[in-house]
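As written, the chain order gives the labels A, B, C and D, with residue 1 at the start of each chain.
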């Protein structure tokens, strides 16, 4: 049994719990986007960051992966934390303006417009990679992956055409936090035209 | 129902996504009060470490052997719970999930109390299903005998090589002992591969030398029987002796496609205008011809643009061969400008160095072959050009070929004319991806070059090897949710084998007359439509049985209010769409109650009938969109079964619309909601079925009828077969057949009711009394009753000159 | 010349390494080196051999700069955009070169004649700005100089 | 052990220290300048000279001598006569004068930039005089492809000591006591890192060498691997012995073919001699090293990403904890250090931790190698003791800034680092002062900038680099870096407001705090440090719409000075937009509306008539 404080509240945790587990067990809410209970935590969206304070020095860690430790002093709503969340959400607004979920979450943090230029007003995908991880860890099909890297990154099956590996179960659509997978799904599922792909390329 | 299990229910608050919306306290109280449930707990997040710890603790302390989690999507979360709770000994089938969040909390404006009530009904139904579960034992699969590679295709060698690399014994059945001959003949199936012959030879030598490979020379394949791990393969003897029989653990078919010439409409004459195979033959026999050689990549004009790549690669390699050996030979490749030239930068340079011309023509105009010239249209300046030739070489026509088709037939691969042999499309579980290859490799699957054929061979071998290696270490077990046959009930009618789409059902050889079936658990995809079709209930989908489904519907039907709808959704269509509606928080009519089913085709008509019998007033079955069924025909089969129920509802005097089949695309929840709302409203207009004694008696008759062997038999005949291409099946004289079926159904319906009546009342009836009791016309009734007496189903005695009918003592 | 040998046997390359996932990148590098791109067929072979899912292999192939899924041109020009070179205007040099052969961004010309790449520091900062044309270093290049060298190759 | 020392003795005895030896630098810089031809010419010339020569001098090709801007370099030993910018044509004279007569060829000597008098030998040259060569001690001295030559210079002595005379714990202790800090950038104490991995006891472990030198403008590690690969190999064996690992991986940039070649040779030779592989030197310790070529991803310099890449996966960092010392490569305890660190390890074990601890400052021990590039006279590779003043490196060793008595800024730490202004010229160069000054040590790139370099453009450049190289996994980095650059783009177009600058600070903060790995965590440094020291320049862009350095395209115009223009039409021909008009032999003019500021005209003009305003 580990003892720590979250937002001043004394809480207990078992070894092996993450900070997010612990917080949720004690009804303390922490926002997440790239987190889903069905798959391993990824620590990518950084919305779940919390501040760890130890005397004067403090740092932010992703609560979805950071293990609960004895005596930690955790703050889930400090200014530092909010600043990170606000910026991420504002940038998401410009990156994937079409996403309802993002707009709602942004509004909760008082972000309702973006100062940055909007490249694609249709875009919904936040590249949290949940679909990819679900396909690999839940379904075991490995039908989709991230393609490219950095700003050019996107989600898709090899060569962005329907592939053999997809079992069309729709798990990716269900776990997608923004609904972006709906549009992509039809470019992934379906019986691949083996002849065209293999013989005709 | 006998409580033969200890069931724990865990209610998930899911942060704020369930808790405030559903009154979990109230729900927990309801459940605790229910005799079926032994333990109830509410958790912030059942699926997170803290929640899982709590469940594990409860299972161990309270000795629970069934667990229901009321949380979110089973499709997404079930696997995690199975893995996390495996340590407690709970196995697949003993854990079930109710999507409280997505089917109740998020999708309506009901009050928390009302939602709790709805949740209670769903959870109780699922619990009843678990209660009715009889967990199966783990079936271990062993491999008796080596791997056999038959069909004689070139992939035989790569497959054998891969197997021997992994030290697995194999038998290869080839037409000739001499691999030199094979190489000599290779171009008949794979022209333009000379550059690869050395490697091919190396592979063959390798196989020849391997102690793990046994080479046999046999005649035609005559039969294959048995199951994964223990097959019997029979060939005719080439010398005309007695058939040769082999016991093998696994079978890989290596089949090559066939090359035909283009025929006269491209000017083919077999001498000056030839196709690739003939060109190769020429190179073998006469060497490189001099003069002007023109390769025309005419696959676009031949109607198969997708083969242009293969053809031009072959042309390129032959062209290279010619130029490298004979400076006096001019080579040109004439190709459709819509086609990308399939050469890498380096090859372009090499082609230039060798002086091979690539000439594009305007694909809009078809080139014409003339004496010594081809005329074509220049895509640049749109002028007609003439290209001289001494020999014109056309692309080949590609097909499966006679022998391959024969073998495919014996192996039970349905071959559709004009198609290639892609077997087993089902991709229900990921491990099934590529299983087609594990079974069949070579250009008879789909046109490909030598390299790809060999790759498929290797892949097939390694897929097979994975299984063999597992089996060798005793770690190969059959999936839990597959069909099994009760040999004592099976009369070997073969209906299941006929409608099975995964090839999992095999006859057991050696029994005379009707041959009972059994299931190859490693091939069965667990679709279960076969089980739902068996006239004698001899097939069961273990750990997911019809009786479990009946338990669910009867429990839920008893709980449902008059205007509430019982529904089944398949995991790939209806249920998935409902889940996604929940994720999006789309609102729809809360009177909708959906139960989960793996494939809509798993629903035995008796499950549907049971629903009405136990109090449901309507039933909505939501499957995948037509032709998207993951089990191929589950949906079509349900279509037939729904028709049966409609007929019976009609005979009972109820509205046929009370049962309906619908389709949902998981990616279109809005559509799903329209489906639900319109059905619910329609049923509200109909109102409930009055539960008076007459109606109850009729419903009992309905239920008995769908379990009647004869009815199920006739129904079985209407079910779509794998070779039928159109939804919902295109058997001949469908209308006439349907009329006959109507006849059969009405006969058996009345008979069932008579039987029920006599059994329930235990007293003799005169005909007019029967007619009265069943509100049936005497005339047809008399015929049925006579038949029943004839069949010995009931007895007849005369008392003061009047015929009385009663159950036989 | 960034030449593809036309008779390299891909299976020979595949067999260089044991069939383990950790050799995925080794195999791709060798194939890239031999054919200067990774064809879909090659990718499938690598997956079969290493037991890596095709989607994963595709992710790797698109993640790392040194892999190309498209055939490259017959002549390869790399312009260094390292800091030292940048300060000495290599950015402009690259732009000017690409404009002169009709490319809007680094890549391969339609006729597969040239491929222009920008690289992050070749570590030859003393020679800035540097370009590498078909593996030959061009120290202290200027736009006109580089364009002349490149044009010459194309006409050859 | 004894055998090794005996062998070393024999090898050393075998060569006469007074024999003339002609050393030619074959570092990448010199090779690109044609030093291979020089070597060939030398061979020919000597062959021709033939019997005129009493003792035939040896020719030795070595790794980089560091003084790249002066290549090709030829040094005549034992006198250490230093010839620079030698062309094949000069060779005959060298042979005739120096080899035969023992006289120097003055025109090939290095002239002192200020006094202008010719300096004969290496140690007289300020560029070398100011240096303290520890890691580089053998580079330029030994033939990297010849293990025997390396042994003469004392290679593998430290390893032998460690394996035969010390317990693993003692090795870790002495590395700790030496105060060695990771040279990869962060400066984490190496000994501590080793201890964390060692404590896992008897399980499979790995050591890795980060040779994925991705920082633009840095080539220290390459030079070490090319010039003295044995130092790295030796260090890794020692590390493996210390933490109990039997396998090591070197992750080298594929862009460094020569380094890879020399490493492979070194490994083969070492195996052949029993210095690598089973039961090394009879100590019972087994260790072998495998080489992984990087596939072109800067982020793979981050340790967790590098390990994923070695596993054959996409090189995306993973959150820590768990730390690599607990769960690293293939989930096993692993220690990753960079090339320079490993090289230092072998020196420490060879010459003792006390000696090493005596170098450098109180908190930063030892020396640091820098790649000195940009607007500086002596471009090249320098190794200096920690704590040396920035000014000393740039103005003395570096020979100052061409055409100026000061530098505008010095950029250290690569994309993760920052720009230090002339005001910081006195700053002691060590881990902590650099961080305090808003930059960082990094792997050792040191880029000197003068007044013609625009700080906004520089910041933009580094952000562009990072935008391209970000793996795209975590949101702050993937989204934030491009948006930072978007803002700077506006600035360089003369748009934007002063408020934007404040937003920059706050966004930069969010990226620093929020990012998953160090790439994102340090990405904003380029902006922050330039803002800190050159805010005025930013404001010039925003408020006055001008680029003081004359770099930002949208804020400059090209003009032809009519007095200097000879009307030769060279510029008109060069202009891709045909924006330049004018008759022959008459001054030309540029049509600004057509000009795309590609600079072609400027490059083509032989009279410097085209100027930027």
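Throughout what follows, a residue touches a chain if its C-beta (ideal position, glycine included) is under 8 Å from a C-beta of that chain, and two chains touch if they have at least 3 such contacts.
From a predicted model like this one, the values you see are computed outputs, not experimental measurements.
Novice: For subunit A and subunit C, which third chains touch each of them?
Specialist: The shared contacts of subunit A and subunit C, listed by label, come to B, D.
Novice: Which chain has its Cα centroid closest to the overall Cα centroid?
Specialist: A
Novice: Could you see whether B-C or A-B has the larger number of C-beta contact pairs?
Specialist: Counting C-beta pairs in contact for B-C and A-B gives the edge to A-B.
Novice: Determine the centre-to-centre distance between subunit B and subunit C, using the mean Cα coordinates as centres, and give it in whole Å.
Specialist: 45
Novice: How many Å are there between the centre of subunit A and the centre of subunit D, using C-alpha atoms for each centre?
Specialist: Spacing between the chain centres: roughly 38 Å.
Novice: Compute the distance, rounded to whole Å, between the mean C-alpha positions of subunit B and subunit D.
Specialist: Here subunit B and subunit D have centroids separated by 61 Å.
Novice: Got the subunit D residues that touch at least 2 other chains?
Specialist: Correct list: 297, 314, 468-469, 471.
Novice: What parts of subunit B, by residue number, touch at least two of the other chains?
Specialist: In subunit B, residues 452 touch at least two other chains, as defined above.
Novice: If you look at subunit C, which of its residues touch at least two other chains?
Specialist: Only 56, 59, 63 qualify.
Novice: Counting only chain pairs that touch, give me the topology of the graph as line, ring, star, complete or other.
Specialist: It is other, because the touches fit no line, ring, star or complete pattern.
Novice: Give every touching pair of chains, nothing left out.
Specialist: Between chains, contact exists in these pairs: A-B, A-C, A-D, B-C, C-D.
Novice: In their complex, what parts of subunit D are in touch with subunit A?
Specialist: Residues in contact with subunit A: 297, 314, 318-319, 321, 467-476, 478-480, 482-483, 486, 503, 506-507, 509-511, 513-516.
Novice: Quick check: in the complex, which residue numbers of subunit C touch subunit D?
Specialist: Against subunit D, the touching part of subunit C is residues 20-26, 28-29, 50, 52, 56, 59-60, 63-67, 81-84, 86-87, 89, 92, 95-96, 99-100, 119-128, 130, 137, 139, 142-144.
Novice: Going by the contact rule set out above, which residues of subunit A touch subunit C in the complex?
Specialist: 136, 142-149, 157-159, 163, 165, 197, 201
Novice: How about subunit C: which of its residues touch subunit A in the complex?
Specialist: Touching subunit A from subunit C are residues 40, 43, 53-59, 62-63.
Novice: Touching residues of subunit A toward subunit B in the complex: what are they?
Specialist: 14, 16-18, 21-22, 24-27, 29, 36-38, 134, 138-142, 164-171, 173-175, 179, 182, 185-186, 191, 194-196, 198-201
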